[in-house]
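I've put the structures underneath this note.
Consider the two complexes below, in which subunit A is the common component and subunit B and subunit C are the respective partners.
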Partner chain A sequence: MRSTPPPAPLSHPGWQLIPGQLLGLALVILVALGLGSMLITAGGLDLSTVFNSRYLRGVVWFTVWQAMLSVLLSLALALPVARTLARYRRFPGRSALLRVMELSLVLPTIVAVSGIIGVYGRQGWGTGLLNEWFPGHGWNLYGLNGILLAHIFFNAPLAARVMLQSLETIPPSRLRIASQLGLRGWWLWRSVEWPALRPVLPGLSALVFTLCFTSFAIIMTLGGGPAATTLEVAIYQALRFEFDFPQAAVLAVIQLLICGGLWWLVFRQRLESSLLPNRQLSHSVPLKPWPAQHLLSAALLLVFSLFLLLPLLAIGIRGLPALLALNTAHSIYEQLLPATGRSLLIALPAGFGSVAASLMILASINKTKNPIMKAIPTTTGYLPLIVPPIVLGTGLFLLLRPGLGNHTQGWVLVALINSLMALPFVIQILRGPLNGLDSHSLRVADQLGILGWYRWRRIYWPLLRRPMALGLAYGIALSMGDFGVIALFGSPGQPTLPVLLYQQLGSYQVSAAAGTGLWLLMLLVFIFGLLSAIGRPPAHLQKKRLPEAALEPKHV
Partner chain B sequence: MFDVKHLCFRYPGQTDGWEYHFSLAPGHCVAIHGASGSGKTTLLNLIAGFLQPDSGTIHWEGKAIEQLEPWNRPVTTVFQEHNLFEHLDVATNIGLGLHPGLKLTPEQTKEIQQGLERTGLAAFGTRMPGDLSGGQRQRVALVRAILRRQPLLLLDEPLTGLDTEAKASLRSMLLEEKSRGVALILASHDEDDRKLLADHYWNL
Partner chain C sequence: MLYRLSLLLLAVTLPLTAHSADRPVLNVYTHPSFAAEWGPGPGVKEAFEKQCKCTLNYTVLNSGGDILQRLRLEGTSTPADVVLGLDTATMETALQTGLIGEHERSLDALNLPIDWSDNHFIPYDWGYFAFVYDTEQLPEPPASFDQLINAPDDLKIIIQDPRTSTPGLGLLLWMHSVYGDEAPAKWEKLNNKILATTQSWSDGYFSLFMNGEAPMILSYSTSPAYHMAVDKTDRYQAAKFEEGHYLQVEVAALVEPSKQKTLARRFVDFMLTPEFQRHIPLKNVMYPAIDLGEDLPTVFDRLITPEHTFFMPPADVASQRRQLVNDWLDAMTR
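Right after this comes the complex of A and B.
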């Protein structure tokens, strides 16, 4: 009998269980403190102030209305796009289109808004065409139009990717039967597609609703006035300009009640489906087309691609001259480089923090069978969806207001909240690979004594290095693009990139704003590219894949 | 000598359970067969430590092992499938059986290569499990189990679904282990496996 090697480092179960529990508790306490301080400041909760004020009633109604419309329109566009992409798995540009769709999760809102203004604003290309073809059309980007357009720009691709992922989980055998029976149209939808999409729709709708409900930068830039103010913006105004803390607290509580209530309803449905797009794409099964389907599908994808690409193109075309103008008296880089440094200073710790926290939370969830000990880290992972960052920020702002003496403290807080904001997304990215080992493999690992550090190093690390790099990229990107929390805690004199961009847009420095937008976009692309390269497994471990044609029988 | 005494187990919510009572000498093989759900895999899981018995004892050389964690028990299991970590190459999969942190001595590295050569897989050390046939994967799993040099091998349908050639190769490896004094507990539906390898039969 071979002698038993010494126990693996960090193999005590506590190493997996306790950090996640402590972190979960700390974050729950942090949120509770934030909310508590808000309620104390409000001097009790008098929600009647909202119902007695016509302005505040209007704010609540508009927030809900625009979010509902955004959900409906985003899903209405996403559904045919997802169905088309699920059906056509091999066409030139499909992969590029999917990558652009993924951008919606990380593209800083303020950057996208500058691109949208470049296409649909008063001087935009799209508006120019509209003016030529339909003079006197009355199109105005600012107000509900612009808000909905921007929300669809962000959320339709996200929804389409999630729906596509669900459609791709349909077992090939079921698709083959549908193909053999020649199912199409309503029957294909009812018997094959709807059962696959139904489980994901409540969570997806809630996610899009929450993102639109708590939208900040879009409302600030495209809202166009008090008529189009949302709760998030009203909280910011109450805090930053009117110093009306009780009103901010009451509004934050209303926001919390609506978001919390919504997610409570969703969790009651036992949400299991992933809400983040998966990069794995399965093989295709040919289905019977209806007349002119190829033509209509091509047209739909073309319009959708243009809808996504034109604002990005506008950012590039308008921003490039500003970035290349190195010889002017006031170079754009004088502001850009310090802002980049500040953004990275906040985003890097936020990104690393969100990945580390996600790992601790997932390890703790996996290790315990106790329902309460499972609930603490699980709740923490979803907390930012229930308690929007601006609400948390408001509470902490009120709690720490007397002590927040310098920028550094404010930035630490911003990094912390940004890190928390990214948690639900990073957890979704890491959960699959971490839970991907089947029970037999785990038993083999147990029997071989691959525990603690050894299990992490030998079993999980090869599986997780790529998702961790992706999670880190998402964490950094979300923080780099943050405009909500930084607007609350940051200083206008020391802006981060999104704040600088907002200031430039607000002072009509169109060219400089375009340059800043492009710079931020390039920075994010660079970060994603770099982390994607770092996360790639060594060449000899990359699995060789058979060409798709070899996996599928030919359709005759 | 392995002694299993009045080892009882019942799954939660189940009215009937199992009780196992037997001894097994080194170099002997017992084949257990029975319908699906008859308790073959449950017995192997109890001995391996993947399940905790309600009562009873398991002794090896007079020492009680039923309270030990799976990694401290003198047994190695070979399942019907999923024995290998799909994202690790063949040599790493075997190496983890020798040291869970893959801190291998030059002798151990040589042992791995020799094990692969003995089973006709000399050129497969850097291949991923996904690139191997079912028979080759089981041979890799068995090489790892053999190199762990534990006195008891638990075999949960290890030859099911393999072609004749692969089965013959694995059977000869198992016979060789038996002749070295390793005790085998084989759960199998295959009459030929039982006839060739087993000294005792149990019908559960």
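Right after this comes the complex of A and C.
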């Protein structure tokens, strides 16, 4: 007689397959609806309008050109920084620098841009120093300079963080051999570092390209004039005064084609791998430095840190007076604190939602062999980045129109879309660690019948704890700083933090707005710091795991 | 965890949606600078609710353009009763949606620099576009467009993009009104003085002008009133241009499919009373649409008063806008 134990909860394969498929399908339908409704109003797609217009041809060309330059420069800065950080794994301030690098991506544009202008603008400190040391230098922030500088500020830290992670996954055995052979410079790069970076570079370039391609406020504030116009601006233009749906649809399709094509290339080559950091514990293997390397490395990291920190400092200096002025009749906190509460009310569910959805999507991708069923959830990793918000908004509106009655639904909706917008980033963070489990362990788990909930709790959770905390931080932070989505649907009278910031700007409350910007920045720092601490395994576990060889077969 | 969290979320947000059932609700679509804590919105709401026995509900959309967009998407099923925050540049497009009703109100109380006799739209405030300058950086600002255009290139100005911003479009119409067919050539000459062309007024004012990046920014002639009355500083003033200034009028309208027409009419009537209008000068930082007499803050006496008012009828703006924007793009990218 055989007694079968009751099946583990959630162990049916469908639990891994179906939720991700549904999510993917929902997104595809959403985009199709949004785009479809615009195309129907347009009565067809006429790409020739773009090719016949000098202006629009210029827009497409400029969009691609500035995005390519931004990718090249961001990667060019990120590479040496990542190599240096991979080489020096213990120095004071290293982990603080890593936190700051995570932060730059989620800063609301208007806050970051104000910081950048405070340093590199005509009246900025940086420019002031330049004037003193190199009179007649000809530096001018406004124009391509400013666009590239801001894009590097946003994307180079992200790229460096991703590259660092890849470099940190180089097996210690390999590094030891390299060290014993005394490999340096080109040879070390060729035989050890390049093979580790190669798989992430295409996906990373595509990600940075997409982010710069769809850039909007940066381009307009720092671009200097209409010569710097991106497709996203042209789409907005077509809808803002003109209500020109045909034009907007054509431009949106071009954007989808270019960015989607790029992602398709990356995807088809199977070149994608985890793109965002999963904060692995690093192994320290001494590599032989060449002369003066310490000095150069220190200088590089110092310059890079200053590059990231100075604009943040400018935001701080500008905002501090408003936050410190407690004695005024109307305290700024009367609005700040409730707005913070509302922001958290949206951002926390959005963060948790995007982590949960990412796990479902990744599980679904891993579960199926069918290429179409693999493709559907995969799109969620890219589509939210390349679909113009207005298309997404129109789709959602058409989908949910009868229900868009009251504020509660509005807020839930905003949280939902925010978690959707964070998906590409969270998926990138979780993919590596989730797929990183070796097949041997999985087979053993199968044999022992560790399935469903137990498998998740005992096998994945310890591995995913830290990446999930980071994913959550990204999810929450991206939605904290979001202005676009909430503005799209008509916020209720009670503002969230970014809406409050814009309201203050619209009402001439410049110093209060600077205070709100600083408050938001501090909140983001706090969220990343807190979740980074939570993600760390408890101290007693950590000790047990040292020397951190538990998962790593010992070769040496 | 997620489940418990969502329950919590529901529990916290439900009270937000609870209205007392017997009171009718008036839905007003508006934009942030009206509904903001410091805008006229809260004061207006309080005053109107006192006399109407109803609930005044603002739905805040990002701009006049977004209000229209929302109205179009919702069509005849729109819950909006009144739209407030359109301007002369979006009026015609709004009319074409077929969702705007005639107001059938008397407009005798209006006090505008031009005659207003529109059947659909009722002004609630107005102002002139003007360049605001920093007196500490620029003690002697240009006194006319000609002076600005012929100034040395190291005089930098910040403008807004006519493709994305209302004042930006205002400047385009202003230049067109002053120079006619010569405007593109003048724009080409002005180009070297333009430090930045920002997406919105806020971006330019906050990130650039208040950071001291340029001494002049395209804004409203009423902007200095706020700085003088609230910030207590005379540092920022508007430059008066000899040619005259372009008029900006902000309007409200009744929504045709509304089920609260009586209440909506009451609201637009209320709009032209002192109880509504006294919130406009320092909270919307514009001129009130009616004569407030003694109630107009004294700083408004110190604002510039243009010799000539430019104003293009909304229908002309709608029909010429695309061509003007294209000419502008052409001139600026040449």
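The working rule: the second predicted complex is superposed on the first by the 344 of 556 C-alpha atoms of A that agree within 3 Å, B and C clash if a C-alpha of one lies under 4 Å from a C-alpha of the other, contacts with A are read in each partner's own complex, and residues count from 1 in each chain.
Definition applied: contacts are C-beta pairs under 8 Å (C-beta built on N, C-alpha and C of every residue); 3 or more make two chains touch, one makes a residue touch a chain.
Because the structure is predicted, anything quoted here is derived from the model rather than measured.
Q: Examine A:237 and indicate which partner it touches, taking first as subunit B and second as subunit C; both and neither are also allowed.
A: A:237 contacts subunit C only, not subunit B.
Q: Return first, second, both or neither, reflecting whether A:457 touches subunit B, subunit C, both chains, or no partner chain.
A: first
Q: Which holds for A:131: it touches subunit B only (first), subunit C only (second), both, or neither?
A: Neither partner.
Q: Given the touch rule stated above, what does A:331 touch, subunit B (first), subunit C (second), both, or neither?
A: Neither partner.
Q: Specify the partner with more touching residues on subunit A, choosing between subunit B and subunit C.
A: Counting contacted residues of subunit A, the larger count belongs to C.
Q: Which of the two partners, first being subunit B and second being subunit C, lies in contact with A:448: first, second, both, or neither?
A: The first partner, subunit B, only.
Q: Would you pull the subunit B residues touching subunit A in the complex into a rising list?
A: The contact residues of subunit B facing subunit A are 48-50, 69-77, 79, 81-89, 92, 96-103, 126, 128, 130-131, 148-151.
Q: Help me check something: in the complex, which residues belonging to subunit A touch subunit C?
A: Listed in rising order, the residues of subunit A that touch subunit C are 55, 58, 110, 113-114, 117-118, 121-123, 142, 216-217, 220-227, 233, 236-237, 239-243, 335, 345, 348-349, 352-353, 356, 394, 397-398, 401, 405-408, 411-412, 415, 487-488, 490-495, 499, 502-510, 513-514.
Q: How about subunit A: which of its residues touch subunit B in the complex?
A: For subunit A paired with subunit B, touching residues are 1-2, 4-5, 8, 438, 440-441, 443-451, 453-454, 457-459, 462-463, 540-541, 543-544.
Q: In their shared complex, at which residues does subunit C touch subunit A?
A: 1-2, 5-6, 9-10, 12-14, 16-17, 29, 32-33, 35-39, 41, 58-63, 65-66, 68-70, 72-74, 77, 79, 89-90, 93, 156, 161, 163-164, 169, 191, 194-199, 201-208, 210-214, 223, 226-227, 230-231, 283, 285, 321-322, 326, 328-330, 332-333
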